[in-house]
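The following blocks contain the structures, represented as structure tokens.
Next come two complexes, and both contain subunit A; in the first it sits with subunit B, in the second with subunit C.
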Partner chain A sequence: MPVRPLNVGVIVKLEPDFSEGNVSYNPDGTLNRAETKNILGPHSAAATLAAFYCKVKYDARVAIGTMGPPIANQALKQAQIISNADELHLYSDRIFAGADTLATAEVLRLGVSRMNNGLGADIVISGHRASDGETGQTGPQTAWKLGYPFIGNVIDFQIDQENRSIHAKRFILLYGFYDVIEEIQAPLPVFISADPSYKPSFDTVSERLSLARNLNEARSKAENFEKYLQVYNSEALGADPRFVGLPGSPTIVYKVEKIPKAKAKRRVEFIDGNDTAQLDMAAEKLLQLMTEAPIK
Partner chain B sequence: MEKYDVAVVGGGTSGLTALRQLSNLGKQAVLLEAGSTTGTKNVSGGILYSKKPKNGRVYNIEDVFGREFIDEAPYERAITQYILHATSRDKLYSIDLTPVHEYQINYAYSVLLSRFVPWLAKEASDMSEKMGGGVISGVHVRSIRWETGSNDTVIETDELEPFRVRAVIAADGTNSELADVTKARNKFSSEQLYQGVKVVIKLPETILEDRFNITSEEGAAHLFAGDVTMNHIGGGFLYTNRDTISLGAVYHMDSMMENPVEPSRLIDALIRNQFVAEFIKDRVPTRKANQALISKDEEIRQHFMAVKLLKAWNNLRSDYYSRDGIKRLIESGKFKTKEEIEGRINNLEKELVEKYNCEFGDNYVELEYSARLIPDGKRCRMKTPYYKNVLFVGDAAGRGVFIGPRIEGLNVGIDDAVRAANAVARSLDRNNFDEQYLGSFYTKSVEESPYTRDMKEIDKEYLKIFLDCSKHIPKDIVGSRYGMIFKLMSSSTLRGIAVGFANMLGFDRLLPMVESVDTYVNVPIEIAERLGRHVDSNYIPNTPSLQERIAKLDYDDDSVPHIQVTKPRSEFMQKMVSLCPTRCYSSENGDVILQHEGCIECGTCAYETLWRHPRGVKGVSYKYG
Partner chain C sequence: MSESTPNLESNSDNLAGIEPYQHLYVVIEHEEGIPVPVSLEMLGEARRLMDDFNTKYSSNEKVVAVVLGDNVRHLCEDLIKSGADAVVYANNPSLRYYTNLLYTKIICQIAEDKNVARSISPLSSENFKKPRYMFFSADNTGRHLSSTVMAQLESGLASDINKLVISDLEIRHEHKTKGQVTKYEKTLEMYRPDFSGFLWTTILCLDNRNPSIAREYHPQSCSIIPGVFEPIAKEDERTGTIIEFEPQISHEDLRVKVLSRNIIKSTIDFESCKIIVSYGRGIRDSPEENFKLIEQFAKSLNAEIGISLPISKRPYQTKDQHLLSYMIPERVIGTSGRKVSPVVYIAIGISGAIQHLAGMKESGFVVVINPDADAAFRDECDLFIKGRMEQVLPVLTELIKKRMLTIEKRA
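Right, the complex of A and B next:
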């Protein structure tokens, strides 16, 4: 009996690139999101890799979804290069703005149900957390809303397609104690979050052949990723306005810590360029500084 | 355990040809390549021939890869000039061997394998995927075994789970581990090998064409014999690529063992030959240390600025001296005319000289240093190139045609690969992998190859063309040593008898007489001294030290050494201290010690060591090859 093809859904997030030189701040010390370069978040990338593993190993169909403004399609493109995804979903609507993790989970729940030509997903994969939110709630909440069992911090997994179950290894850090690898078996459909350390390994010839084929396919697909992109607004998702965006967000932010800025070490003195006395003084000072400067 | 029809071990030109040919025949095959990607471990002197012998047929690369090969493959240049130079100090005598080079060829292309092989890999794997196979890189085949009661062969690698195949094509090069593991042949000894070292030198496209007097459709090959070999049996070669030059030296390994000299010094000697120096000369900037007292910050600023300008100068100049480059620059709208680009280059030079202590002068630009072993087909071709259901091809089978100025390796491997693929396909069709059906059939096919004939006997016609080319050399120079032979060979009526007699003697007995210091060194020196013209170069090339050469190479170090020294005090190992091209060996209290980090996997030391290739992805990766 032929096994049912495996459908995989991934939820990802477009995040600010916190690497050197890519971050831009507003004058009040908050993050300038418009100016900061955005990338597929590193945790989302780990989730995408887990989907690629399913693609290579189980020939799964992969759909990737993200909630965000239209520029978030860049994250989807990056995710497609990594995973050779067959479907890219962008859930984008003004009324989704201001959503907390719960309201986001609602949109993602609706999105997942529309993945893979409406078949949904046997496995939904998320990252461990977002590097700009750090709550790690969106994944588990989406799982709860979908009614799927949730397995967090997954470092390795196998799917039994015949018995429709997953066998996953999860990494548990017990502070002050020792680290544990927990093995869990669960029925499909299931929701897993990939541990940040997740790295797939392909160690048979067939997997390597499939890997090479998929990498080639991914490159050519991503060249016109728009062909695979589906944009859903609130109406298309059938979202209830009470549960999405700001109205759907019970979280109350009572205080935001500003990102501390490094103190400048230089001192500035302004001089009037038309005032010769001030110019003389400046020249004298420069000369003095230059003669005193140590030669390193 | 997974099962496939065929495993091809090694993703060089032969391995990929075998894969493609099997796919053409509708067979499933998996190719395993140890390098991180195909082409990173390949080195070649660099001419790929396509031939049309009068008697018998050979399989050429376009027979397997189709006409697309000629239109699309990233080869460098069609070699249309072939000149042999006898050298002695500043004297040089040139013999035009183009007719010899053109003997029975369709074409000959210069190639840089790190650019060329990936194209073959793509073509081969696209086809192979349709048959359920493909190319897997980063996998090192460790061993091979036969399960009792089964004809299947189990392939064991360092990276993947073992898998079964029905036949194996071993294209794993001169230092074939499969040959070693199966004991299909002994390791090649120094009498059977050549050691080759090569540098790739940058020279902008149109400068190169002007210098060698060739068009964009042409290329030149120059061979060198005489004092450049520092008294070793061997010679130098210079091949023009698109915008680089392959300059190398190839020596009989036993001659090197007798009189060990560091390979990098041999290549330096070739580079410093005045004639070669003029060929590779380019305008090269050097930056002097700033003498003025400036702060560290200023020094760093100047350094970065100078580097930025040098890069701009270099890129612009490379484009300026390339047809496509000029077109690109003008089409991009950045420049309107050629003169404008030239003006910009001059301005950059001026700025670099005036502000950043740069000087522009004559020198040469070395891009990559490499080395490899070449099996001398006349002495070491496997008489039965198989073991059970493993067929050896190309270098792994010790096959190549190296006779005087005839230097052919790549095309011989390609011919073998097609024959091996055909034999395997035939076995798959009949499900018969018996030695009589597969191995013997392949051996017979290889024996029928005109290349094999050329490894066994002198080709009368080839010899005639060669003698015609060198007819201006006074008979007494050669005659004093080989008077009788030369007279016989030069006479058109007696040549037939002489060659017949020589072939009766066989290459085995003939070669030690012909391949001697006299032929390779003394005769060329005498010719150059007596007939040569004076050549002069206005500069002395500044050759990089070996450390600098190694530093330019890319390595992914394997913490586990892939070589084990077993006889630290043997005479052979003592010689490795000099003969290792990257000086991996040193001598301490009489023991030879290995530091494998700089190893470029040439295999020079393989004869008396436990020698393996590094694990998948690990080791050196060539950018030009």
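Right, the complex of A and C next:
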């Protein structure tokens, strides 16, 4: 009996490009948003790579969705190049603007249910967190609203298509303790977030052949990415205006201020980096500290 | 303060105990029965906030620690000594290791349980719906747990907080108050440093008072950055209420299974080295060459190499695999990475964003190498070498090597 095809959904975000040459900072150290380009965020790219892994290894159908203004379709195009996605979804409506993570998750929940010709997804993948918002809340909140168990910080995973289950490894950083690698098993459907260190590997000959074929397909698809693009507004998603955008957001930004400088806790001594004699005193101090300190 | 304190609430109820949202619940994380440091830090801050709250508003509202596991009863007294008025614990073999699904369910059961609320404070009435405030840690576990718990409780959440204030605020908001000035009492102001480390955003979780979209949003909750708040000194004489909670667990709740759990030692040893040399975006002018200088400098001091968060995002185009191996999340010092406290910490080309400082401020002696004498780091270091790394590092490395040679000869 043929196994049921695997449907994958990815949620991504268009973010400021923090790479050198593209990012621009104001003199006070804050991001100059007007001058900074936007790209598919690096964590979104990791999530997209995880979907590509499913495509190559399990011949999965992949749909990628993002909530944002029309310009966010650039993130979808970049994600298609990475993943050879079959569907690109843009959830875009003026009433979605200003949403916090809960109201964003509401839109994404509705979006995921429309992915893959309305079949939804057996696995939904998100990034670890966005580079600009950095809350890391939208993924797990979307998972909860979908009723999918959430598995975070995934560094490696396999799908058992016959038993419809996932076997995943996750990386846990415990502050003040050791690190932990955990192996998890769960039935599909699930929602996973790709750890920033996630990297797929393709080992067998057939996987490598599939990899080459998919890379080729991805390039030609992305040239006509509009063909794969579906745009959903609030009505098309069937969203309740009370639960999306600003009205659906429990939280508001009350104020933004510069962080005042903390009271200096140390007494700083300045030295001139061009003065060799002063640098030699610094060298002496460093070696003195180093040799006097007990071995840890 | 006593229960007869006049109530400052403007609603029709006269007793503070009638309010549907009460107490500050703190979700405790532990590793095999030992609380992770941030748990005690959160309790410390909760204690300070609620001491003020108890004086200003009502003495009925408590700091409540919530702890799940398969053998966590022994933790309860310690959590009380660390600031909790009450501890709610749930023991079950299936709670031994965190799974998001099961933990979310049980924490929500506890948060909405009227009997638990009544055990915490007898004045919690039938009206009790949910906690007023809720704290989680902003680590790999708490970040996800806070998100799913708030999705279930349908309330608002701010992440990565490093300052908290409770106050009465006059708010005018297009949606929340339909443009009318409205008083929100006992509001938790949640301060969050943004990704740059230079801006502070204050997030509020507010009920919609606008009649057309009226909704109550409680608890007001946040995840708290590890390492920013001080725990209170343990007081042995502190007393409190310990409440056992019997969790309702269905077959479905157990469908995510932890098959194995292995402790791994990081390949990067920040613990046992005396000196850590970290670099940041200051290498940008010529990343490859500057990194070579940094590496030679670190080698001369037998130091481990750390990085600031932006570097882990690999902002430079380079094919240098060796350099790329030094631009990984495992090397990040700060709230998104490691917390370190070496004998000497040397920051090269790092501006000193608050997230980075939180990861190294307990270091013994701090040296900064930076051409900008106004960099935020100047207030967090002992020695500031003003200069470009291209000029300073080669000279300093040679000077150290020379002195090392002398020391070795003497030995």
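Definition applied: the second predicted complex is superposed on the first by the 241 of 296 C-alpha atoms of A that agree within 3 Å, B and C clash if a C-alpha of one lies under 4 Å from a C-alpha of the other, contacts with A are read in each partner's own complex, and residues count from 1 in each chain.
Please note the rule applied: a residue touches a chain if its C-beta (ideal position, glycine included) is under 8 Å from a C-beta of that chain, and two chains touch if they have at least 3 such contacts.
Quick caveat, the model's predicted, so the values are computed rather than measured.
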Dominant contact partner of subunit A by residue count, subunit C or subunit B: C
First, second, both or neither for A:Arg213, with subunit B first and subunit C second: first
Partner chain in contact with A:Pro5 - subunit B first, subunit C second, else both or neither: neither
Partner chain in contact with A:Gly238 - subunit B first, subunit C second, else both or neither: neither
Subunit B versus subunit C as contact partner of A:Asp203, first or second or both or neither: first
Touching partner for A:Ala293 - first (subunit B), second (subunit C), both, neither: both
On subunit A, positions contacted by subunit B and by subunit C: 293, 295-296
Subunit A-facing residues of subunit C, complex: 31, 36-38, 97, 99-101, 104, 139-141, 143-144, 146-148, 150-152, 154-160, 169, 171, 173-176, 189, 193-206, 208, 210, 213, 215, 217, 226-227, 255-266, 271-275, 281, 284, 301-302, 310, 312-317, 328-330, 339, 343-344, 351, 353-354, 357, 361, 364-367, 369, 371, 373, 376, 378-388, 391-392, 395-396, 399-400, 403-404, 407
Touching residues (chain side subunit B, partner subunit A) in the complex: 2, 4, 30, 125, 129, 132-136, 139, 159-161, 163, 293, 295-296
In the complex with subunit B, residue positions of subunit A that touch it: 203-206, 208-209, 212-213, 293, 295-296
Residues of subunit A defined as touching subunit C within the complex: 18-20, 23, 25, 28-31, 42, 100-102, 105, 131-132, 134-141, 143-145, 149-153, 167, 171-187, 193, 196-197, 242, 246-247, 249-259, 261-274, 276, 279-280, 282-287, 289-291, 293, 295-296
